[in-house]
Amino acid sequence: MITGKKQAELIKEISGVNPLKCMKCGKCSATCPSYNEMDIKPHQFVSYVLNEDIEALMQSESLWKCLSCFACVERCPRDVKPGKLIDAARQLLIRQRGQEYLSPDEVPELLDPEIPQQLLVSAFRRYRR
Amino acid sequence: MQELIKRAKELLADGTVVRVLGWKAGDLPYNPEPAYFAKDTDFADFVYNGFCGANLSKYMIEASKMEGKTLVFLKPCDTYSFNQLLKEHRVEREKAYIIGVGCKGKLDIEKIKALGIKGIQSISGAELTDEAETLTVQTLYGEKTCAYKDAMLERCHVCKGKEHKIYDELLLTSRDTTDADRFAEVARIEGLSPEEKFAFFQKELGKCIRCNACRNVCPACSCRKCVFDSNKFDSSQKANADSFEEKMFHIIRAFHVAGRCTDCGECSRVCPQGIPLHLFNRKFIKDIDEFYGEYQAGEDVDADAPLTSFTFEDVEPSVVSTRS
Amino acid sequence: MLKIEKEKLPELFAKIAAGQELYLPVNISGQVNFAAWDEEVQVDLTTLKSVKSPKDAFFPQSENLYTCKREGKKITIEPEELKNQSFVVFGMKACDVQGLKVLDQVFLSDPVDTFYAARREHGVIVALACHEPEETCFCKVFGIDCAEPAADVAAWMAGEELFFKPLTEKGEALTKSLEGLLTPAGEAGEQAVEEEKAAIRAIVEKLPYSNLSLEGWNGDALTEKFDSPLWEELYKPCLACGTCTFVCPTCQCYDIKDYNTGHGVQRYRCWDSCMYSDFTMMAHGNNRTSQMQRFRQRFMHKLVYFPANNDGMYSCVGCGRCVEKCPAALNIVKVIKSFQKQGGEK
Amino acid sequence: MSIETNETFRPKIVAFCCNWCSYAGADLAGSSRLSYPADVKIIRVPCSCRVNPMFILRAFEKGADGVILCGCHPGDCHYSTGNYYARRRMTLLFSMLDYIGVENGRTRVEWVSAAEGVKFSATMNEFVEKIRSLGKNVRLGDLRCRS
Amino acid sequence: MQRIGVFVCHCGSNIAATVDVEKVVEIIRQEPGVVHAEDYQYMCSEVGQAKIADAIHEKGLTGIVVCSCSPRMHETTFRKAAERAGLNPYMVEIANIREHCSWIHKDVEEATKKAVILARAAIAKVNLNAPLKPGESRVTKRALIIGGGIAGIQTALDIADAGYEVDIVEKTPSIGGRMSQLDKTFPTLDCSACILTPKMVEASAHEKITIYTYSEVEKVTGFVGDFTVDIRKKARSVDMDKCTGCGVCQEKCPSKKAPSEFNRGLSNRSAIYTPFAQAIPNVPVIDREHCLKFQKGKCGVCAKVCQAGAIDYEQKDEIVTEKYGAIVVATGFDVIKLDNYDEYAYSQSKDVITSLELERIMNAAGPTKGHLERLSDGKAPREMVFIQCVGSRCADDRGKSYCSKICCMYTAKHAMLIRDKYPDVNVTVFYIDVRTPGKNFDEFYRRAVEDFGVNYIKGQVGKVAPQPNGRLLVQASDLLDNRQIKMEADMVVLAAAIEPNPDVRKIATMLTASIDTNNFLTEAHAKLRPVESPTAGVFLSGVCQGPKDIPETVAQAGAAAVKAIGLLAKDKLLTNPCTAHSDELLCNGCSTCANVCPYGAITYEVRQVNDHGIREDRRLAVVNEALCQGCGACTVACPSGAMDLKGFSNRQILAEVDAICQ
């Protein structure tokens, strides 16, 4: 069983983020388009990582609500990049689940013409190996 | 040669100069020595031929301290040295009457001997007036020949040109002897691996006997007392007790003349161990040209020297590890 | 007399070097100097003159005398060990051997220089006759026969063979240790050597300096020579470098210096040159203040002072190295000749 | 080059620091507790232009493995122009050392202002790391000084 | 050989915690030449200094090594202590075992070893020290103030009141600086102009003060006590002596399209102008770039209407050269450019403004005559949003890493003033932290919340988006309520970070004063010498040294003045005795050293020398010790080693090298 400490280290490693740099200004949350659908808000990602409460983060709705638009990453004045943290948490979860990757042949039939291009691109970015 | 003697005698006679600094024939066909001439009779052994490689500029430091004017014969390359000394207030212009003499490349007896020619009795073809491209050498072991070019000093293959940079009058014409790239050897060494570079210089400098000939002949090494002879840096070691000392000596010597060395090649000419000392000076010249723009010491008395000037945009020392 | 084919010389050197150090002329980037033998080196017995004379096999250019070590405020002195094993110097020439005799006069007379004495005691010299003497040679002037070098072993190169003749006990011992490699020279060998000697002597007769006269140069000439106005002219081209002294087989001046290694101070001696402006510089300054004086000193020493103190022995051996190497083309021959000329004019 | 040997190798490093910028920068690194290896020993000079190539060669002679010269940033020299001269001198010297086969990186010049404690410490850490990777200085140095 | 005493300081636990001080003493005691070694808690204390004095007397010490903090800290202390005990102060050397050792190393054994080596290096050096005696140089009793804002004005007044001549050089056409652009000041809400104008007038009327407006410092040479400065008086095109300041030229000038610098470009001004009504001097300048006469060659209206005949189109820049004993830098600040903050729509909407622009809008002399209105449509706003920390406290390169310090207070001021004057306007302030240290500062902020109903929300604004209805959508998060806010506002005010005036780089270079990574001038010591630059004779006043508000600026201006007065009050300065000197027996007279001397301190003379019995006339370098500052450039340029530097001689430095490499 991976401990919270170990997971927090992994998240920091994957994201390259130093959560200690956060000055808790909330600009990430202010800027987030999915804010209202999130149970854990972007500015809170940082404290979850700091508190090593990664399980909660991995179980949260936010994981799947984040659009990876990276507005928070762009605008964060302290270079903390909350979006990268949630991205990393997502990766941890996916790793736990195993190798459930789509093969490229499966993609075309799954495509829904209604899916915004941005989401597609973000999905590729997120799930690429 | 006769025209040099004639002109020298005239200038002595009319009182323009009180002595003449030139070359006196030696007792072997190839060893003329720098000498002063003051009387008509002195000129009996006056000589000017292919073996008169010595750069007389440096002797002008002492001549500048003497009473009256000295007539000095300077080859084109020697005039750069004179200019540099002038810039550094080591010679006085008004104490010198400079006759710029022509040159068709100076000869290196070591090169002739290296061709296996020994027991030399006489050499012909070394006179400036000789049109021949070949030297004919009479030896105890028979007559030998060698091409003039093959016997020329290294420096003459990369000659800076036929132009005298400072003179009162000119005599005799020069010949273009340049047939090699001055920086080719430096560039070749630069291209070696650190191990190879180190091995190369270790081998060359390992021969050094610290005789100081390179330093004492050098017109840029004109210090009254060299740092290696004073206790200012605790650096006065008379002989190399360890390989480091040759390096220290030659690097610092090259550094002290960096931006002042005219590349006259005297150091390499006189080294009894045949160390290519010019490779140090030329490295600095090449770097200075590349980093700070082309600069030829002794060309212009008023130019700012590379190590006493700067620009805000100068390259950083890290360029050494970043350049390819 | 014994002999060995030239192509077997590497074997000979290997055998000598197996039991002791071996110094011989070696070519390093184009220049021949005496150096320690190993399989890698390029031995050169054909070049007539090594740049430096082989004197530093006995009187090294620099050698440690003792080392001071400090622990806290306590200082201990560790003397340098004297040479205590035999070594061989191969390929010295007759003039070089005579050079050692000059050094012996200096270093072996009282007080004995123990460092030098130890090296002399343990050094075995194999001297080589000069195959093709050159125009700078004038050993004959000093009575040296370069065809017949007198050392522990004399050697000749003739044809494809090297001939080997022990002359002393040390030489015999060395020769003995080389049994098997050296074979008897035989009559033909003796003959070849005689021919070689004759050839050498014939060339020597033709050398330009061979009939140089030393007349007037002796211990009695002191004041006359010293006060000559000629020096004032002669020294002018001198650059005050030390080339002549450092290539000379008889120059014996040294300086004593200290070197701080960080964990001790080494007191060592190194060759010095009377041509240097700081030669014998003491607290009060210099006892020879001008280059003329320094220049004069070198030649007066070789040709006047030394014979005056050593039963007429000159401390020049006519090797001609200075003639070849002086950057300003000055040399002892020119000095001697100048005085001669002046004498003639008188 | 193995990491094990590097850990046991403690290089000797001489840092020449100009009094006005870099020495103060080193002081700031100290008061900010920004650590760097004890292998670095600082010599205070009034200006980077006081550093003679002889000093650097002497350090190598006596067993230093690396020499670094720190001065004010170009344009900020307390004496207006000192660091410009130092820059040219060191560029040429370093180039010469490179030319005779001394490993690149044993010498370095870094401009460190009085306010750059962080840079000072980072530079020293980096430099020590570099020297450790290069190993002992065997190409320059007097044999007699080797213990 | 010197008789050396070594004193190792514990500095409480600062050194002793990481360096085994007793062990250092024990080892060092064994060093040759060391006749005395001891350690003490605080060497810099009176008791510690007394120990040095006692040892000098009892052991006859001729050299002292103190192993302690940086020589930049206490070198002077220990040198003075030695001097009082009768030893030449320059026989003292410091081994820095605190900043360069104990504070940066953790391992005791390692730090102790290093401390010993540093001590050995200092001993090696002191062995070669020689007594030095400082020379003297004169002090020009005149000060130069660069910058005519409140900092410069206050410094000038204080120095002038002490009786010294002062020149102010101001780049713009009038003194007054940023403060003249402010409407009210916190925390007392005084009218800025009302308190500044009297000071401006006082300065201009002061008989000891000369003001160069529309002028810039061009070149600085010399050194403390004796600077020579070239001041470029830019061509004003108006004769200062003739102009009566009637203002007719400005009225009649047909070119009125130049953006007003004073109003931050929110309104236009004429080509001939005084920046503001109370400008001092009240003499206009012609902005040649916007003047028809200069651009098109025709017009000349101002010359025609000027009854005094003061207009001079031919006027040229003039260089004034003056000598000064002290220079005070008071170059002030500007707000940063907001081009990189696209999310706040500053360049997209006229209704997104900076706080300094709001100052102008609120000011009766401003673009809207003091009426709070939207610049887009002139309508009165109903909803106002203030965003704090725009570009301050940033880790990225869009903004500044520091806190601009004044924004919290001026925003509270703005919010309060708006709520007071326009009670129906809602004011919301989005903050990260509210920082109000200062006398009556927090009370001021609380009044804004409690008495004036300003709505403070903790949470940085993420985005401001102009809406089709002309309003601005502000998207933020309320971190305390954990909700995202999307609100429409009529105006958004950005508290943009402040930065040092960009000109300061150029000036610092001229003065050889150092600058930090944020372009603020560096102090000689962050705590103990905050108004002095490390360059002797150069002092710092106001925001050029770091963010400050008006009272702090005025206080620092006074402090800088006192430091300058302290310098000007001296008749002579002791010069640094660590100067270059040339060994006449080694000097070649080659002039290389003079070519690198930045002070022109080296000259040549022909003199007879006696070189070991040889008497010769030689050309020799001579160092003027009053001019030499001791950089040492000449010592390395000199090939023969004739030039050496006292106090940092070749052999001293080599001895240190040897000791370290041992």
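Letters are used for the chains, namely A, B, C, D and E, taken in the order the chains are written, and counting of residues starts over at 1 for each.
One rule holds for everything that comes next: contacts are C-beta pairs under 8 Å (C-beta built on N, C-alpha and C of every residue); 3 or more make two chains touch, one makes a residue touch a chain.
Just so we're clear, the structure is a prediction, and the values are computed from it rather than from any experiment.
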Self-check item: Minimum number of chain-to-chain touching steps separating subunit D from subunit E
Solution: 1
Self-check item: Per Cα centroids, the chain farthest from subunit C
Solution: A
Self-check item: Innermost chain by mean C-alpha position
Solution: D
Quiz item: From the C-alpha centre of subunit B to that of subunit E, how far is it in Å?
Solution: 54
Quiz prompt | subunit C and subunit D: spacing of chain centres that average the CA atoms, whole Å | solution = 46
Quiz item: So, what's the distance in Å between the C-alpha centres of subunit C and subunit A?
Solution: 85
Quiz item: On subunit E, where are the residues touching two or more other chains?
Solution: 596, 637, 650, 654, 658, 661-662
Quiz item: Multi-chain contacts in subunit A: which residues touch at least two other chains?
Solution: none
Quiz item: Listing for subunit B: what residues touch at least two other chains?
Solution: 225, 227, 233, 241, 307-308
Quiz item: Which two-chain combinations qualify as touching?
Solution: A-E, B-C, B-D, B-E, C-D, C-E, D-E
Exercise. Mind listing the subunit E positions that touch subunit D in their complex?
Key: 70-73, 96, 98-101, 103-107, 110-111, 113-114, 117-118, 121, 508-509, 512, 514-517, 522, 534-535, 578, 596, 598, 629-633, 635-637, 645, 648, 650, 653-654, 656-658, 660-662
Quiz item: If you look only at subunit E, which of its residues touch subunit B in the complex?
Solution: 583, 585-592, 595-596, 604, 611, 616, 619, 637, 639-641, 644, 650-651, 654
Quiz item: Contact residues on subunit B for subunit E in the complex?
Solution: 65, 88-90, 222-227, 230, 232-234, 256-257, 304-305, 307-309
Practice problem: Can you check the complex and tell me which residues of subunit A touch subunit E? | Solution: 21, 23-32, 35-36, 41, 43, 71, 75-80
Self-check item: subunit E to subunit C touching residues, read off their complex
Solution: 30-32, 612-614, 658, 661-662
